[in-house]
Amino acid sequence: MNLSFLIPAIILLVGAAAANMLRNLVHCVLALTLAFAGFALLYFGLGAEFLGLVQLLVYVGAVAILIAFTVLLTGGGTAGEQTVLSPRWLQGFLLAGAMFLLLGYGISKSRFTAHAATSVRSYPVSLIGDALITSYALPLEMLGVLLTVATIGGVVLAIREPRQASQSVKVDQ
Amino acid sequence: MSSIQLADQIFVLLKHWLVGRVPVSLQPVVGILITVIPIICVFPALFAITTILERKGLGRIQNRYGPNRTGPFGILQPLADGVKALTKEDIVPANADKVVHFFAPVVLVMLVFLAYAVLPMGRNMAAVDLDCGVLFFFAIGSGTEVAVFMAGWSSRNKYALLGAMRAIAQMISYEIPLILSAVAAIMIAGTLNLQQIVTQQAGYSGIFPHWYVFTPWGFAAFLLFIISATAESNRSPFDLPEGESEIIAGYYIEYSGFKFALFFLGEYLGMFSISAIAITLFLGGWAAPFSFLTWVPSWLWFFAKLVTMILCFIWVRGTLPRLRQDQLMNFAWKFMLPMALVVLTSAACWRYTEGWQRWAISFLVVIIPYSWLGHGMMSNRKLEQRKYRFAE
Amino acid sequence: MHMLENFLWLIPVLPLLAALLSILVGRHRRSLAAGLAIGAMSISFLLSLGTLCQLISGSLSSWQTTFVWFYFGQTAVPIGLILDPLSAVMLTMVTFVSLLIFVYSVGYMAHDARFARFFSYLSFFAAAMLGVVLSNSLLLLFVCWELVGLASYLLIGFWFERPSAAAAAKKAFLTTRIGDVFFFLGIVWLYAKTGTLLLKDGGRGCLDGPQLALLVSQHTVMGLTVAAAISLLIFCGAAGKSGQFPLHVWLPDAMEGPTPVSALIHAATMVAAGVYLIARVYPLVSVGSHSALTVIAWVGAFTAFFAATIAIAQNDIKRILAYSTISQLGFMMLGLATGGVAVGMFHLITHAFFKALLFLGAGSVIHGCSEEQDIRKMGGLRKLMPITFVTYTVGMLALSGFPLVFSGFWSKDAILESAHGWPLSQGPFLMASVAAVLTAFYMTRQMFYVFFGESRLPQVHPHESPAVMTMPLIILAAFTVVLGFMGTPAWPWFQNFIEMRQVPAADFANFMEPAFLGTLLLSTLIVAVGLGLGWFLYGRKAVPAMTEPDVLDVASPGLFRVLAGKYFVDEFYEATCVRVHGLFARFCAWLDGHLWSNFISMIKWDVLSFARLSRNFDVAVIDGGFDSGCETIQSGGERTSQLQSGQEQRYLKWIGLALFLLLVWLFWGARG
Amino acid sequence: MTSLTLYLLLAALIFAAGLALAVTRRNAILVLAGVELMLNAANLNFLAFWRFGQHPEALIGFLFVMFSIAIAAAEAAIGLALILAVFRQSHTINIDQIEQLKG
């Protein structure tokens, strides 16, 4: 129960719980960001600092802001949620609880031949670079393609239709 | 140790000496404190100096004096500002979101200070020697957007929100060229560790140092980096979010008093850290500009370069007009991004060629697309004498 | 001259051609039609005369030619023509009499609308008759025989708009057909036995020796030899056509046709065809001990007597002559059976001439009295129609057998003599002599009714027929007188010619021969009795008026009514065959109506019920099953579609639940 | 309680939290956030097994999470763009009202 696990865990739990509990949308989003930061710290704890930084860069930097922007754009900023305690909420928590208990039972029962984390020292980044370029070159390329397509898709979806305006104009003539 | 090395390593030795005097159990904590406290003191002081430098500089550029009432030549002006900030009433808007409103500046300043952990201010004078220092810096840098969002949204002010949105959009747009140009340097250096990048640039050929800026791709990458850096820290040509003339003060409009000062501090510290990274990546970090000047201590060079960068920022702020939002975005996505990719390719060419071809190829690879892109950008603009329109 | 046999086939073909042409020519070219018919007939007459002369001159005894008509499979069907004294005589007689009748009918039918058609029918009939005479094969003979029957049907029913004529035509055709059926059976049987239908084919023909021997050797039912049986069947055909006893009913009714038709067909030619047929197949008929001749003799005698008795009580001029024809045919059959071919044929030839004469005379009487046929309405015509009266009396005397001068006497005497000499029985001789007496009687009765006494025609003024009608009468009268002398016992030329023997020199001493003298005296006695009786009853007083009953009727009303009613043979036939036929027809109708219709309706009912069954099955089972299947699928589909409510969270819940269950199964299920 | 089970338990808990968030919240964006949470919980599991597995130097778990983060980012971007499009078209992102896609 070393410190490097406890603090991030607490941050994470607080973030996740807040995300569920809070009524105001933006608060939930901020709680979520906190949870993502908690994940990053956990990754540092696990010795994968590069991933922690990537997590920070990707989630805290980009995804959180994206979610915030979407919330604002869809007018969520002001409207408050209705009362949290409702039959839906209850069902959700029952399901989640049952799921957690089951997984917990499964985890506790299973015996892992855990190797003591000999040295938490993280592996040099160059090792990651080599792995990516040599044995994981194809996934990397495909990832590149995926991200490009995703960007273009996002733009196409979200763009406000200047074309439609022009189309309607055409129609009117 | 020679006197030169002594001078160079004076702070490191001091620290070891102090840590040595502390009982072993506390040593790690004290070690950390000793490295953190100087950073926290030195850079705010530098902030104070730059405020006065900036105001005096701008004055001089605009053919006026600048503040000269407080102390001789206005030297005590920062002190005055500090007192003003502290004593002003801290007004919080009625329906603002109290919690988020309060935490916004805190998060901002925290993140900015966090960025200083990896900066190599001198020979082995970096707070933390991370293996992926650059990535750390950019990850933390991207965190600031969340803080800006929190500030903008929590003050429940239309202009604040609008300013925050613009600032975030600008910062995200310029983050990509920033990182890509940094990637060019990292690719050549072969490592993400800032210390090693500096050592890569340590050599001298003749009296000229092997700084990356003196290579064709390096110079282009440096320019791109600096431009996106100014945008990243919302300064001068790109300071639309807090442009006083359009939307008053941007996302920190509803802040007053000490929180307002914090925002200012955060902004300037962000500028310093990003220019520090620029120095380490392209200007050889704490290396001496000329081979015969290596006797001067490394940290001194670092701060000298830093001050020159700050002066350039002030100079740019004084001269360049403010960019419109769409021009700003177009410039980012239609010029900076392609140029960054071009710089990457030229760096790749530089990496795999030898001798004079190296220079020729990488030079051509940069210049041709630049002229073509530039020409393309300019062709649809009719450059003619500026017409002044006066209100009738 | 001897080339004529090559043109033998031309004799029947010319009239046939004339018949066809006159039909094609159309109704309005009357003179052309008559000209065609008479021209063709005269040419055929000349040709046949030429052949007769060739035969008489001895350059040719007999000649036949055969050619193949058609093949079926590999077997060929040969038919042929024959020229021998028998056919030559018949040829000349038929062509000469037809020619005269054609000329006569030009006058008689002048007012008729269908003039051309009449002449085409007549020439068609002549062609068919000549075909019968000339044919050497029984098959060709049978074909022409049928054509003759058809021609008689057409001619009898010439005025088809009169129902009685149409009925008479049908009756004639049907009764002759009954005879023809038996005739055909005989032919087929003969063909079956001998393998050929050619009569004389150089030894292989069915009348040649070896075949006959074969036929006689075999016996069939009732001990009859095959030859006798076949000849009896052939006699039935002859009886039908010649109006012998059972099948004679059609002849009196055939008087419905125009008089020239009656003259030609029912006096001279067609009825003679039956006798000629028996004469032609005489070797077959007469072979064997108790051959078919005995039957023929008895039938002939009985028919003669039977018809004569009926003729006494008839009032229609043509019906009296019709019954007299039947009785004379009976005489011919008797002559054939007892005296051989020559006797029969001699009476046939003479009878043809004087009977044709009598019919044409009656025709001119009817023509004169404007279509009046009932003798009781006539009378006193001897002054008004002198030529007809004279020629008619010549015919009457010939028919009744007035001695020495007329041909009828010699031919009938020959028959009586041969009948008298018939070894088997004298019955036919007695019947024949009584018939001869009756013949003389009814002819004199007719003479007195028609020509003597006062005219009973109320407003009609009879007038003599024109020359074109009286000229044939005169010619025929001349021949009835002349023909007698060629067959007298003194100089029997005709008999020898028919049997192809050398003709002896004339010898008047034969008259004195005891055999001949007896029958000569007997027949003169018969004629005297008949004439006297007739004069006694009808000659002395004026013939009674239309309304009073006949003298005989006064004498014996019952007998007279029976005779007048023709022994009610028609009624008898009507009662038996027609009714039976009617019953049988009704039975068939009933059978068809009830039995079959029920049967069919039963089948219909089955099919309908099966169809209904299958429809119900189809609707209930297949449609029902199919629909219910679709129903369940659709409702199931609807229910499951509710599951897809479009609310993502509900999906998430279901997925979560599924995951949960999976994990539960994973942990506990696997090991449990 | 080895630290591995701790990490796994924490991941399970966060996964449950994410599931609850996704299931209960009425706002589409938060549902997406819930999904992100679940994804990150899964990444944590990977890393935990990578760190405490036999061959950490093979970097399999590590790279797996690397790619997973990248893909999750792309997915989030597209998801949010879709939500924006839905909002623009039907003026609401209340997930109960967006139910045109039903049987």
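Lettered A, B, C and D in written order, each chain numbered from 1.
Simple rule for what comes next: a residue touches a chain if its C-beta (ideal position, glycine included) is under 8 Å from a C-beta of that chain, and two chains touch if they have at least 3 such contacts.
Model, not experiment: these values are computed from the prediction.
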Practice task
Work out per-chain C-alpha centres and flag the one nearest the whole-protein C-alpha centre.
Solution key: D
Problem - Pair joined by the larger number of C-beta contacts - A-C, C-D - result: C-D
Exercise for the section: Please compute the C-alpha centroid of chain A, do the same for chain C, then give the distance between them in whole Å. Expected result: 127
Completion exercise
Cα centroid separation, chain B vs chain C, in Å, comes to 147
Problem - Between chain D and chain C, distance of the C-alpha-averaged centres to the nearest whole Å - result: 122
Handout entry: Interchain centroid distance [CA atoms averaged], chain A/chain B, Å
Key = 29
Exercise for the section: Spell out, as numbers or ranges, the residues of chain B touching 2 or more other chains. Expected result: none
Handout entry: Shared-contact residues (touching 2 or more other chains) in chain D
Key = 19, 23-24
Practice task
Send over the residues of chain C in touch with two or more other chains.
Solution key: 649, 653, 656
Practice task
Using the contact rule from the top, write out all pairs of chains that touch.
Solution key: A-B, A-C, A-D, C-D
Handout entry: Residue ranges of chain A touching chain B (in the complex, touch as defined)
Key = 24, 26-27, 30, 33, 49-50, 53-54, 56-57, 60-62, 64-65, 68-69, 72, 77, 122, 124-126
Practice task
Over in the complex, which chain C residues touch chain A? Could you list them?
Solution key: 649, 653, 656-657, 659-660, 663-664, 666-667
Exercise for the section: Under the touch definition given earlier, write down the residues of chain A that touch chain C in their complex. Expected result: 88, 91-92, 95, 98-99, 102-103, 105-106, 109
Completion exercise
Listed in rising order, chain D residues that touch chain C in their complex are 19, 22-24, 31, 95-96, 98-103
Fill in the blank from the handout: Within their complex, chain D touches chain A through residues 1-10, 12-21, 23-27, 29-30, 32-33, 36-37, 40, 43-44, 47-48, 50-54, 56-57, 59, 62-63, 65-67, 69-78, 80-85, 87-88, 93
